[in-house]
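Note that the chains are named A, B, C and D in the order they appear, and that numbering of residues resets to 1 at the start of each chain.
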Amino acid sequence: MRIGVLTGGGDCPGLNAVIRAVVRKGVGTYGHEFVGFRDGWKGPLENKTMPLTVKEVRGILPRGGTILRSSRTNPFKIEGGVERIKANLAELGVDALVAIGGEDTLGVATKLTDLGVNVVGVPKTIDNDLNATDLTFGFDTAVNIAMEAIDRLHTTAESHHRAVVVEVMGRHAGWIALHAGLAGGANVILLPERRFDLADVIAHVQKRFEIDYSPIIVIAEGAMPADGDMVTVTGELDSFGHVRLGGIGNWLAQQIVQQTGKEARAVVLGHIQRGGTPSAFDRVLATRFGLAAIDAVNDRDFGKMVALRGTEIIRVPLIEATKELKTVPAHRFAEAEAFFD
Amino acid sequence: MRIGVLTGGGDCPGLNAVIRAVVRKGVGTYGHEFVGFRDGWKGPLENKTMPLTVKEVRGILPRGGTILRSSRTNPFKIEGGVERIKANLAELGVDALVAIGGEDTLGVATKLTDLGVNVVGVPKTIDNDLNATDLTFGFDTAVNIAMEAIDRLHTTAESHHRAVVVEVMGRHAGWIALHAGLAGGANVILLPERRFDLADVIAHVQKRFEIDYSPIIVIAEGAMPADGDMVTVTGELDSFGHVRLGGIGNWLAQQIVQQTGKEARAVVLGHIQRGGTPSAFDRVLATRFGLAAIDAVNDRDFGKMVALRGTEIIRVPLIEATKELKTVPAHRFAEAEAFFD
Amino acid sequence: MRIGVLTGGGDCPGLNAVIRAVVRKGVGTYGHEFVGFRDGWKGPLENKTMPLTVKEVRGILPRGGTILRSSRTNPFKIEGGVERIKANLAELGVDALVAIGGEDTLGVATKLTDLGVNVVGVPKTIDNDLNATDLTFGFDTAVNIAMEAIDRLHTTAESHHRAVVVEVMGRHAGWIALHAGLAGGANVILLPERRFDLADVIAHVQKRFEIDYSPIIVIAEGAMPADGDMVTVTGELDSFGHVRLGGIGNWLAQQIVQQTGKEARAVVLGHIQRGGTPSAFDRVLATRFGLAAIDAVNDRDFGKMVALRGTEIIRVPLIEATKELKTVPAHRFAEAEAFFD
Amino acid sequence: MRIGVLTGGGDCPGLNAVIRAVVRKGVGTYGHEFVGFRDGWKGPLENKTMPLTVKEVRGILPRGGTILRSSRTNPFKIEGGVERIKANLAELGVDALVAIGGEDTLGVATKLTDLGVNVVGVPKTIDNDLNATDLTFGFDTAVNIAMEAIDRLHTTAESHHRAVVVEVMGRHAGWIALHAGLAGGANVILLPERRFDLADVIAHVQKRFEIDYSPIIVIAEGAMPADGDMVTVTGELDSFGHVRLGGIGNWLAQQIVQQTGKEARAVVLGHIQRGGTPSAFDRVLATRFGLAAIDAVNDRDFGKMVALRGTEIIRVPLIEATKELKTVPAHRFAEAEAFFD
């Protein structure tokens, strides 16, 4: 069997662990051959391939990023894109695809399945906002990086009687903010799932200063105040994509200064949250996802994606990947509130 | 309500996070008062107490160990022990206990429950070998520490064409070896759950050297060769407890030298696996366990312990804690075997 | 002898190690007594004190920040400030001061010495820009944090064919940028010491993309392009101090996008560089500074500060602390240029 | 110019950084060509070579170990060894060698220089025991790893009222023990440079327990008690090299148990101290050494090795590398004694 592998969407610690597991078990146990497609769906679309044998996957387990590179190319938005993919796969003798990616990448995989392409999906979202699986790889690494930053910021905040606002990833779901905030001992955590009351945040900040401690506020990049909207808040949305020069973190720090008269600083963690070596949890989960994906391919159980349920890896229909966003439920947010000073 | 808290058995990253969560929510949400019992069951037995207010638990979230200290004291093995505990609790006006510990500590808790003491348990085992919960805190930290050591040992092994045997914790269950080995890219993983065939291990080692790589073998301290038994293997069991001077790791390294003529080194990770700051996963899980425990106390739902099931924290009967050891099942070990060179 | 200790200016990993060493050796070897002054010079000015015995300094070695807290208060800018300090010291029976701080804090110390106050200084600058000492504590920790971030950003940059601009601390001297850039394998390093030619940077970026790698540019916050000045560059200088919403890093990323058509991201490391547990190097250097400072006090060798020269700690006149900024010399920058792609 | 590069002796974090700097500047600035010799002096002896262009050194800066591999082969101990090396170099057209290694490797380099081979040396000793240079790369990484282990062991020691003995590298010089002990807050530090009085150590241990803290003793593997010698102490010296099953650390832990009745544990850090990614300090120092070495080669200034003096890299005669061991002087040990409880 000849199998193509690709990674799409934003990079995420653990992608290389998935690729390695797919190839190692595919070659070693099943005798498969592999074609590496570069740059996500652009790979099969433009015939951008690279060799993918056991040799290429040696030593990549601890490495962040993806040796296959990635892109956000969507073949369904390109005239004749799907036909080109099918033609290229046929020409290369590729019988099945392992597609590793998030909502967009797996959305394409789902539609291709309907069009007769053999695909098995591996879910990837650093934000952990996918309903079909208990957890996704990359999330644990991101939370650890954010937690270590918060640990560091506590001491500098205390030394200067200063509020520190830490802006973490999470446009639509606040899982990173929730877990990093819980793990880092944040005094307030603000999520996209619930608009926050600025007066309430200011009150927490003041209370914290009163007991002679310095407040740490963890805020997801997608969090918003109750009155006012994102357009007003960010203002300086940049022309080149994600890096908002005056994001919600900076805005909140400014509000704290203005309303409390205390010093405040904002730290925007940005891309350091998604690069670098994966945590043990993510390496194990990604490896297990890879093993389960190649098993599914070998079983010719296409149109499925792998998922974590409890301690086991299961298969669910690919369509699950795009069905519903997993947001932070009220009872999980209530856990964090027990620590709001 | 006046509640006692104690930690028993071996220490584990996350104990302080549990204590903090219990006290923060107990005081802040329910208005409870707390008594800290020192040194596990020795605390209520000998009336060794310490103050346990919000002040004592500030800043302890990132700290390893336990501010309450620990011991392996078992009141049921001490003449009149149980009566003294009941008398001391009555005298201190302690209405309920939160007992944080492993099989032994929770075994005592279970028996005390039968004798009318109000206890809620929080499971703790760094080895993750407790059947009643999907995961326990401390395990993730231990696996990360072992993985980082393995990452380091790869480069020194390669540079010297040398086999490296890494002995990790795990007397009866090989979870740490399995996960650290998977995460660290071990070439062979040996667990207590299945006796290993030395000839087989040697064959893997030789095969790895043949492809010009250096083998890393991860072995649980409780793993044993198929022929021969522990007494023969260790020989020099020391007089003061755990530190076996010539443990299984050193024995295996010696066998590799003798049978392959190559260099080999053993590294025994030992106690660094259980100390120090907890990982984000463990801080979050321990915090959630603490919150759920104090909820159970407040509900007067005694004789229960908290547990992780999927992504939720549930309550199970305390008796579950001691019922059955969770060992590595065959299908999980098979995952690792896909990577044995 | 009764000695006051204070920490002034921005916090820095290692401050607690200095305090601990001063107190431990002062009490243990010399039998001194200590008064902790809080919030830098505000402490002796406003009689803000805290106990400072061996008990207070236990366990603080690995902790970032300063248990004495800090401020930028300058008594010479306050009417009658110096007189109040002298009166307060007299009243408290404080015979000598150990002042730990940077240019400003030690500038005050120098002037107070001239006015008859017994001071020994310990130099502190995370930027390492002090001519009188080979190295200062805190710098090594900051460089390690920045390097780890760069390590992480490499993989995310590669995966997305994307340029990443990393903005690090350094307003007037580029030591952190130079060392973090060298250690992190940056392709271009930009320092405040030499205005950069934007066309040149763009050329390096393009050359790097041509060989199918992604460029990482490390830039000090104080770096400036050859044409244009800081006001033009940042535009949105904020009203509350350091956090420039549109700093030089973001500006450069935007220029790269506009001139190369490639993606680019800026990451501003900010305050995570100065918080948290110190590296081994900084703990040892800070400890040795503290020991040497209390030796100087005990010798009544006032008006001096301690400094590292080669492998030894020496004493130099306090005035040295404010004499000249140590900037990156041409031959050190040339080292980095050997790696510019 | 055609230049050979080799790495000899035990591996050390930073070796790859040296190799990379030599090649990057050699190719980029001077237009040199390189031959990689594998396995130390065995490379030129047995014509074991590998390509060494800019391509091979990409991405190796953060990696531990050495891409050239290493060995302890000494051509002067092999009949006709030196002649074969000279013949092989001539045949390969290799005009000069960069030899990176410790006392043994550079000892060979020195003798070869006398026999007309063009060599420039780069000093490498993880133990930092080389008199000719202020510091060597690898040492800082080892100290950080040991310190992190000690940080972790503090919490587990405290939780169990237990003494912990940490055995670190250092057969003849105690630099790692001294710096890791200072950085980790050890209560006693024992070095090879001065035989220790067991009764004295026991007294410190007891005093520490009395103030309700747990003692951490850092001991170099080469430390010895005042009465008794190494043979008696270790007993079970193993047949396969370094790993002493019952080393001095285990012996000391046993003594503490027997003489105090308290629990004690020994942790032998072993090879994790020398593997893995280098610290920023070591990456920068190793890079600077590599740059300076290729400069020396280009200047045809052979028979020299590079060294750190203060903040500058200088050249010293190769013979310096083997002249004298740099041991811990009394005044440096006295620094640590200030913290012995």
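Assume a contact is a pair of C-beta atoms (placed from the backbone, for glycine too) under 8 Å apart; a residue touches a chain by one contact, two chains touch by 3 or more.
Remember, predicted model here, so these are calculated numbers, not experimental data.
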Inquiry  = So if I look at the partners of subunit A and the partners of subunit B, which chains show up in both lists?
reply    = none
Query = So which chain is the furthest away from subunit A, centre to centre on CA atoms?
reply = D
Ask   = Between subunit B and subunit D, what is the separation of their C-alpha centroids in Å?
value = 34
Remark   = The distance between the C-alpha centres of subunit A and subunit D, rounded to whole Å, is 40
Key: Contacts with 2+ other chains: residues of subunit A   = 151, 277
Ask   = Taking touching chains as linked, do they make an open path (line), a single closed cycle (ring), a hub with spokes (star), an all-linked set (complete), or other?
value = ring
Key: Touching residues on subunit C, where the partner in the complex is subunit A   = 7, 10-11, 15, 39, 63-66, 69-71, 145, 148-149, 151-161, 164, 236, 238-243, 245-246, 250, 253-254, 257, 263-272, 274-277
Message = List the residues on subunit A that touch subunit B in their complex, please.
response = 21, 24-25, 28-29, 58, 61-62, 134-135, 140, 143-144, 146-147, 151, 179-180, 182-185, 213, 277, 279-281, 283-284, 287-288, 291, 309-311, 335, 338-339
